[in-house]
Amino acid sequence: MMKAAAIVQSPWSLNQKPSHYPYKSDLVDGGGFNLSTFKGSSIKIQTTIFPLQKQPHKLEVRASIGNTFGNLFRVTTFGESHGGGVGCIIDGCPPRLPLSESDMQVELDRRRPGQSRITTPRKESDTCKILSGVGQGSTLGTPIAVSVPNTDQRGNDYSEMALAYRPSHADATYDFKYGVRAVEGGGRSSARETIGRVAAGAVAKKLLKIQSATEVLAYVSRVHGVELPDDVVDHEKLTIEQIESNIVRCPDPVIAEEMIKAIDMVRLRGDSVGGVITCIARNVPRGLGSPVFDKLEAELAKGLMSLPATKGFEIGSGFSGSKMTGSEHNDEFYIDDSGNVRTRTNRSGGIQGGISNGETIVMRVAFKPTSTITLFPWLRQWWH
Amino acid sequence: MMKAAAIVQSPWSLNQKPSHYPYKSDLVDGGGFNLSTFKGSSIKIQTTIFPLQKQPHKLEVRASIGNTFGNLFRVTTFGESHGGGVGCIIDGCPPRLPLSESDMQVELDRRRPGQSRITTPRKESDTCKILSGVGQGSTLGTPIAVSVPNTDQRGNDYSEMALAYRPSHADATYDFKYGVRAVEGGGRSSARETIGRVAAGAVAKKLLKIQSATEVLAYVSRVHGVELPDDVVDHEKLTIEQIESNIVRCPDPVIAEEMIKAIDMVRLRGDSVGGVITCIARNVPRGLGSPVFDKLEAELAKGLMSLPATKGFEIGSGFSGSKMTGSEHNDEFYIDDSGNVRTRTNRSGGIQGGISNGETIVMRVAFKPTSTITLFPWLRQWWH
Amino acid sequence: MMKAAAIVQSPWSLNQKPSHYPYKSDLVDGGGFNLSTFKGSSIKIQTTIFPLQKQPHKLEVRASIGNTFGNLFRVTTFGESHGGGVGCIIDGCPPRLPLSESDMQVELDRRRPGQSRITTPRKESDTCKILSGVGQGSTLGTPIAVSVPNTDQRGNDYSEMALAYRPSHADATYDFKYGVRAVEGGGRSSARETIGRVAAGAVAKKLLKIQSATEVLAYVSRVHGVELPDDVVDHEKLTIEQIESNIVRCPDPVIAEEMIKAIDMVRLRGDSVGGVITCIARNVPRGLGSPVFDKLEAELAKGLMSLPATKGFEIGSGFSGSKMTGSEHNDEFYIDDSGNVRTRTNRSGGIQGGISNGETIVMRVAFKPTSTITLFPWLRQWWH
Amino acid sequence: MMKAAAIVQSPWSLNQKPSHYPYKSDLVDGGGFNLSTFKGSSIKIQTTIFPLQKQPHKLEVRASIGNTFGNLFRVTTFGESHGGGVGCIIDGCPPRLPLSESDMQVELDRRRPGQSRITTPRKESDTCKILSGVGQGSTLGTPIAVSVPNTDQRGNDYSEMALAYRPSHADATYDFKYGVRAVEGGGRSSARETIGRVAAGAVAKKLLKIQSATEVLAYVSRVHGVELPDDVVDHEKLTIEQIESNIVRCPDPVIAEEMIKAIDMVRLRGDSVGGVITCIARNVPRGLGSPVFDKLEAELAKGLMSLPATKGFEIGSGFSGSKMTGSEHNDEFYIDDSGNVRTRTNRSGGIQGGISNGETIVMRVAFKPTSTITLFPWLRQWWH
């Protein structure tokens, strides 16, 4: 039964908006109701409708911050999915670093939705503009503000939309915390807030490259059950071209094909899959990271686990390293021809005692499957 | 051959950076030497000695911080393994929370080394003392300083010791960063710095318990290859008594026995093993966590990955969740009898969109095997 | 002699640090030269030209931050005087506060240059635009980004301008710190960066008003030698209308006239004057401020002394209070009719022990005369 | 009448402790009472007794932090006046700085109460002990914990004491904020918390001296009405010996005598006086301070205004500078013989645009008279 279409179009305004207290229904015959199986579909969708509460609710003042990352190179992102735009301020970038919109645009283009059939269909040009902090083609040492207007704004008429808690989305918890549904397309929980991160990341990458020839690369190492074996990619030789050579961004073309097939199979029936990203940093200066709480792997874990949909983080030997003995796991030191201290193996993943040792940092991040799933294409408008 | 005893006073350097401790070498015939296989042992030990540079080195001013965690409930730890003592300052604890040394001492006793044959043999009483912030048995709202003197200080005469970079220890990286070997027993990289964390954690646990009946529990779920299956422990009913019922702290007595056997087998030959800890938080208030960068799972990841020897972190479904499809992974909402919003499953691990939803938070942390391994018991005095 | 027009393209350096802008000198006969007295003027202007160094300078990485204020209600400002625009991000504003551009615009209009003959002649419309954080007329609890484009950009062709260290401006120190002259109109040292503060301040004022009926008002209490006596303004009854009733913003019309005369007298000969602002906060909730380092008066001092051109700060009795004895200075407690704890006098200025006590907070801030002074109106284009 | 002796000995416990609600007296005939004039004394003392509230008050959880100062060199102080002890943790001190207790002890001895008749009579030895962060006579780069036990604890039996709000003390506001009277001698509002600051300051002074030959000196420039004229002290030549040459720490012996007389006159009748401290910093590296919010003068203002009893702050020309015109106020640049950029005058006080320019930083801080005043010596036990 087409209960999806029946999802209530309950008007909701902020003035009468309650917070996370239970709601009494005024459209449903007693209590909430579950939306279950659809004819002709093998997917089970569940949406619970929470009726609107009548009593007015005085202004809550539970605020919170958490939109800033970093101490000396500090990034604050802003913007919701369906507001005016998204962006960031980068504070602490040293002066006289050559910088322009194109440095960021190339990364934003890599991120852009609608670029292939396997990604979100949303159409955004995601064109960035630098508002401050750059003069004569170089940074001034002052805050760099970057703005990326939202152009594709689906389903703007939200007063008409069903306002239900979509399973595994942030709707419920945002409501618990803010008393605001952040109707605007999932608000800050939307993946569009990562645009500000990507723009700032572009600046950081450039700085690291110029400063110490450090490179940061990431690729898809698993999609659903299709996994890239450990010994296929040589991290010392990996290039961005290898990664960008296919739409799933896996450096091995054979595995890449299998990954695309796996995604297609699931996508066409409206479902989604998860996977794992491997991220490396090469030529990392030694000595980064501050025990005890700001150990480098701890900061990296926080940064990566703050991305949407992440469920796990590993560095070096990760969970499999916990199955080794000490004599198997230890990385031997030796001095190379240039007189540098090196390790023969790298189960530490480039970090020991919370501080980088100069070896390549290797991390893996697990992503759960996207919560936004659909039955039929024409229903897509209600989702994100 | 007893080369282990011969690892002694070899001057070393790191490129051109000496520390400020003089070493007298008496075994080296110019330059460093490698210590490799020992007769009668299956363990291969490698220690490289780095010769000391002659020129004095002007005062470096590379400082760093990283000894503080938290914004509103803020903990700063201090203390090295072989200095006067360790401890912490807790700032931001609300006033009028009943508190005394005994609240912390019970947790420190759980942590104490030398409590069973399977842990470090070091003998410390680890008795804490509150220096400030408490009056008449309750907190005053002012900083709570806690001090735990070091009593067992092995091998104090470090000028006699070999000062080589122990493989996979923090020696090398501490030297890279600080130009200081932190000879005092591994300094801040030693596990003894966790004493300050445990003391502060005791205060936090009490506060959470009184404020919202929140409980935090952790147990060993894997040692080397011996693993507790997922469905054995019921997180809603788990108690501290179950965890404390055996020396390996695994709630299932049968698996616990196998774990102890696995440790014994490896320990007696001087090697070490890694494993996994599962940590849960029950009755968590909803609404904790601040997107985007301070998502609750990101903060938890940072806190846990800042512990010594950690190599991986998972929340909820973790890495295995990345193998599911969206329809398999999503947690259904429903309203329970008390009118609360609940989820039927909990693959999210109690956190959605970076904010707690009230369900139990479930995390797993992977620990690599300890880097400190020994050949023979009598050599143990030189290690940690 | 018209040496003012002759201050032009002289290469300069600071020890050996050039900026990255090329300058062509055409007036200097080797080395720098001083510009001293002008015929027909009683003003002595001095500008020193520093010769430019030849050797290239490798990329400095001395960065710094300092563009953020606040912990829970956190403001980051961006923008230079002659870049694309200025603005701010406000993080931590609670959700569901009614907010729109007009709330900020009214404050920006009060600040706008060119509004009267006694202020800077620059013509800016200073129209703000909210980029994020507001939906359906209320805040969402997410970061609020505000952008104010620069429209009047005088003297854009800076390669032609004299690039000397203007006395008492920030040119020299910016150069010391960043190696960048921040040619764009004084960059971040320009008063235009206060636009971001004013926009954020408008949001804070609204929040305080709604939350606790707190009001914040400021007025000019001294200009040069013309001073408003202490007993003229009743702080409990002061209104914004009284303050806005004249162009110098002094609540007493008679003194206001004298102030305007004093400014005119000095302005017409190209000089500037300083003065004092008195700022009050009424109906402040009790209990704000955190000993020891974040005492409320310390935070206020930091905020106010971070404004351009400030040279002194007082709270309550200020410097004159230091001339009293304890028995003269103490504020007596009493209980008023509503049962509230009050003080009969308020030499404390509303803060005791670093915490607000509910009485009106009274502060005074001293501003030095503007460093930007001119000989003749037509020269004004080279200055700010 | 000896009502002072009649100050109520109302038992007070934390369990029935209300917060800032009015108390009902059980010794006074209805309502509070004022303690007014004493026979034979010209001082008027007022103390209001607030009756104790009966209803229990549930546990407040209003916590706050504010016990930490600094970003890269970070100090957290702890300790109350009548608890176990006071101290600090210094985080971020670079490694290999020679340091021992004696470096701090010399400063603590300068601070110690009871050192002369004109200071507080409390007898404390204030002996500090380093608990961590130092090894072999040098810093390790890890947190330095310093502890100073309280030895003189007057009037320990507080359950017997009257618990009234002493005028102009922090009693009332601490109660408003924390719901805790901080009976222990004024708790954190006591001047004893400055011990931690002094210990940390000793480390900072040593570091600055070694790093850049920077010196920090402070002296008393005004006591009550006795003022040191501006031109008497040459800041470029001032020495610590000149300052320490008399008990009032004024570098001019003649003025010092008048100051001592002024204090004596007031002290003997149980009253107190305020004054002004002038503080200078010589050989300050150029480039310190971060516009816009962390301007150097703003940070200095915050640090100094966080000291107990401060009411005003000035830098450079201060309030008097606001009476000058621009042409009078500007500091001319010139290049000295070594090729350094210097200013001929220093009304800026060493800071321009929020950044240090290398000239001596000159600040003045106004202190109100101490709130603790007494009638007769034998009453002193009830006060602090």
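As written, the chain order gives the labels A, B, C and D, with residue 1 at the start of each chain.
FYI, contacts are C-beta pairs under 8 Å (C-beta built on N, C-alpha and C of every residue); 3 or more make two chains touch, one makes a residue touch a chain.
As the structure is a prediction and not an experimental result, all values here were calculated from the model.
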item	value
Matching chain pair for C-D (criterion: over half of the contact pairs shared, by residue number), options B-D, A-C or A-B	A-B
Maximum centroid distance from chain A, chain identifier (CA atoms)	D
Interchain centroid distance [CA atoms averaged], chain A/chain D, Å	48
Separation of mean Cα positions, chain B and chain A [Å, integer]	28
Centre-to-centre distance between chain C and chain A (centres being mean Cα positions), rounded to whole Å	39
Two or more partner chains touched - positions in chain B	62, 64-65, 67-68, 71, 77, 177, 188
Complex contacts: residues of chain A adjacent to chain C	13-14, 17, 59-65, 67-68, 71-74, 76-80, 83-87, 89, 91-97, 129-136, 138, 140-145, 147, 177-180, 182-184, 187-188, 207, 210-211
Complex interface listing, chain D residues touching chain C	20-22, 31-32, 43-46, 48, 50, 62, 64-69, 77, 165, 167-174, 176-177, 188-189, 193, 222, 224-225, 266, 271-276, 286-287, 289-295, 297-299, 301-306, 308, 310-319, 321-335, 339-341, 347-349, 351-358, 366-373
